[in-house]
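For reference, the structure discussed in these notes is given below.
Chain nomenclature is as follows: A, B and C, assigned in order of appearance, with residue numbering initiated at 1 for each chain independently.
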Amino acid sequence: MLEVKGLSKDFGGLHVIRDLSLSVTAGERRVILGPNGAGKTTLFHLLAGTLKPSKGEIFLDGQPIKAFDAVKRARLGIARSYQKNNLFETLTIRENLMLAAAAALGKSTHMVKDSSRHPDIRQRIDEIAEQVSLADQLDQTVGTASYGNRRQLEVGLALATRPKLLLMDEPTSGVGPTMIDRFHRLLEQLPRDITVLIIEHDMDLAFGVADRITVLNFGEKVFEGTPEDTRGNATVRDIYLGTGGYHA
Amino acid sequence: MFYQTKFRSITLIAALIFLASYASFGSYFAREIVVEIIILAILAISLDLCAGFGGMVSLCHGAIMGVAAYAFAIMSAKLGWPLFPSALIGLLAAVVVSGLVGWVTARTNGIFFIMATLAFGQMAYTFFFKSRWLGGDDGMGGISRFDLSAIGLEMNNSLTFTYLGLGVLLLAYGLTAMVMRSGFGRTLSGIHVNEDRMKALGVNTAAHRAKAMAFSGFIAGLAGLIAAQHTLYISPELLIWTTSGEALIVVILGGLGTLVGPVIGAILLILMKHEISDYTDYWHAFIGLVLIFTVLAGGRGVFGQIEYWLNSLRSRHHDTDNHQTAGKPQGGDHA
Amino acid sequence: MDLSFWILQFLNAMQYSMLLFLLSIGLTVIFGLLHFVNLAHASLYMMGAYIGISVAALTGSFWAAFFLAPVIVTLIGAMLYFTLIDRMRTAGPMNQVLVTFGLIFIFLDLVRMGWGDIALGLDGPQSLSGTTRFLGVDYPAYRLFIIALGLGVMTTMWFILSRTQIGVMIRASVENTNMAAAMGINVSTLFFLVFCFGCALAGLAGVAAAPILSATTTMGITILIPTLIVVVIGGLGSLEGAIAGSIIIGFMETFGAVMIPSFSAVLTYVLLAVVLIWRPQGLIPARG
């Protein structure tokens, strides 16, 4: 579904991603692990089109997409949730979801009908709000919403476009255990026609949801395998678990 | 995001009734004032669409209005076309020029956008100012009035003309309100709040902004047509950047991003202008002080401030009742 | 058209460029440092001309006007800084444009109240009256003085910015205000000083221009647009950009009017459009 071949990115001589190849099958849940500065978020930028790779190729369903900008890739079905909340701060949660739903349903260029009353858009908003547990907070302004609700909305905006490929950058960063549980359930209930890449620091969650795990270090892939293999791998333990900075 | 709330509808209707009665009970001079208000209000609605919802603070809207007026005058008075197709060409010219400016400036933001639109507006102004064929700085006359006697309207009657102008104002408001409530308008607000996220949702934000400018050009073009029909004479003064500045003052005075605010702002500004001119020569200093005061007072404008008070009263009421409305949000002063 | 004609045009272009430079350098450095676009900058230029005329009338000396007008304009600027500019710094470009637009209106009427609606002239100094032989042509001595003045300010600015302690502080603050503050630079004092300096140059440009252009109520608005174009073309906040922009616009307008009169009026706007599409950050953008 997603093929990455020989991907590299340098910023003025600094190699952030080095000769990275990935193959993700349709419907897979792939967790990307790695210490800070390993190039995980840069990888997502390269996949989403917000950064141009220095070298390498990216294929989505066999189609080369390297030349496409972020807008075109989003239209091809790549959606993304951000590590740092990147929301429409002055609007309500409902309006946030409305924008995403209108874009996904091709209504963002319609000039006649009130989009806040459009049945398809309303239905999509309700579905997503249910999915990310925001149904009771819809009329709250994002700027005044709780941190947890904003994290939920961050994922909600990405889901509202009904993507083929969902890139989630530390969706549970900074939230408590109940929210992590809730998010775990959300992931389990996501239909398998969505392929998911997650950058995750929470080990329990990572091992719980992943079909396969890719470990990055200094921009290079140092390991790839099932959660069981990863747990037992010495290199991974050294560079990642050994640092002891995270939950596991 | 825009919502046509009850309060906005009531205020708009009240404003239109006020203008209609001011025109019908007042003298010929009162009707002149009302037409002046109508032109400025339509221009300000067009600018509010860009600045209030899209965050595109344009200083070329006067020029776009002028382009419509000149294109209309060229087609009808210079080339002898019938009035109706000439008017359509006028509107089309405004849409094209405005869309082009939007397209060229799509990658610029903030102060760069302001300066770029200022320069493009002055470019159009200079063009007409220097054009000898179009009368240069003397402007051009010879425009004839629409003949609507077939449907029983005598356009040379100042009261009929004023009523018709009010009709066009209502049309301009209605069209803009419709578009601002649509997926297109709400997406424009979204781009203003967070352009990067809107791109990530698959919206071509540059094209969207250019389209918004083009639509806004259509509305500004309506103001240009009324201006040309009103005096049957046009001059480059229509296009000069201070005309756009005056429209921006009206928008901020009435309430940015409310659409009704600009109508209220235009009424206030023009009435104040005529009242104060009776007492002093220094009308500009007065409007400068009003403008600075409006910005320092929070920048919500007269209508925006009243709406803000009403909304906070209402939400306090809701809080004490512990009664959550699941319906549409009432406010709209954010984006 | 012989060589002396072109030398004459060259000198005219230089003189106009230097006037644009004196105005745009203040505007651009204030923007680079304070992130504030002061549309009323050109009103201060107008005030410089009118105040200069009054000082000259009172003292009978051009040089008294030449030195006092910038000082008085700086005082006006300082008042503006403490009443409006400082609190508008974080208010966003639209509010800044609106407030300074309001100031333009107020200054316009202040001038009409104080000096009336008619154009006023100012006699240049006796020592610079008449023409001087320069590069083989007879050229008004006073205009040569303006060229020298502009080049002098340019050199001084370059020296201050590249060779002095305060120059280092200004450059550091343009690049990263927070970092500069963390390094112990008193940023707010620096802002104030730079703003005052920009106002002084605007006042200086006004009084220097008065003998050539004569003072009118529209002189501020007339020069505002080319000054803004200089700043945008050069790159907001950049000294080198202001120099390059002033010279480009000064020469383009002067030679355009001679060589392609029918098209020259829109030429600068076309150039601006090209720059905005091709290099929206300006030709020589400031770093940071």
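In this text, a contact is a pair of C-beta atoms (placed from the backbone, for glycine too) under 8 Å apart; a residue touches a chain by one contact, two chains touch by 3 or more.
Keep in mind the model is a prediction, meaning the values are calculated, not measured.
**Student:** Chain by chain, through touching neighbours only, how many steps does the shortest route from subunit B to subunit C take?
**Tutor:** Shortest path length, in steps: 1.
**Student:** Quick one: which chain's Cα centre is the longest way from subunit B's?
**Tutor:** Centroid comparison gives A as the farthest chain from subunit B.
**Student:** Between subunit B and subunit C, what distance separates the C-alpha centroids? Give it in angstrom.
**Tutor:** About 33 Å separates the centre of subunit B from that of subunit C.
**Student:** Need the CA-centroid distance for the pair subunit A / subunit B, whole Å please.
**Tutor:** 42
**Student:** Just how far, in Å, is the C-alpha centre of subunit C from the one of subunit A?
**Tutor:** Here the centre of subunit C sits 51 Å away from the centre of subunit A.
**Student:** Taking each residue of subunit B in turn, which ones touch at least two of the other chains?
**Tutor:** Residues of subunit B never touch two or more of the other chains.
**Student:** Can you check the complex and tell me which residues of subunit B touch subunit C?
**Tutor:** Where subunit B meets subunit C, its residues are 51, 57, 59, 104-105, 107-108, 110-112, 114-116, 118-120, 122-123, 126-127, 129-130, 241-242, 245, 248-249, 252, 281-285, 287-292, 294-296, 299.
**Student:** Subunit B touches which residues of subunit A in the complex?
**Tutor:** Spelled out, the residues of subunit A in touch with subunit B are 48, 50, 70-71, 74-75, 79-80, 86-92, 94-95, 98-100, 102-104, 107-116, 118, 121, 138-139, 141, 157, 161.
**Student:** Residue numbers of subunit B touching subunit A in their complex, please.
**Tutor:** Result: residues 1, 3, 178-179, 181-187, 189-190, 193-194, 196-205, 208, 211, 215, 324-326, 328-329, 334-335 of subunit B touch subunit A.
**Student:** Under the definition above, what is the set of subunit C residues touching subunit B in their complex?
**Tutor:** Spelled out, the residues of subunit C in touch with subunit B are 31, 37, 84, 87-88, 91-99, 101-106, 108-110, 112-113, 221, 225, 228-229, 231-232, 236, 262, 265-266, 269-270, 272-273, 276-277, 280.
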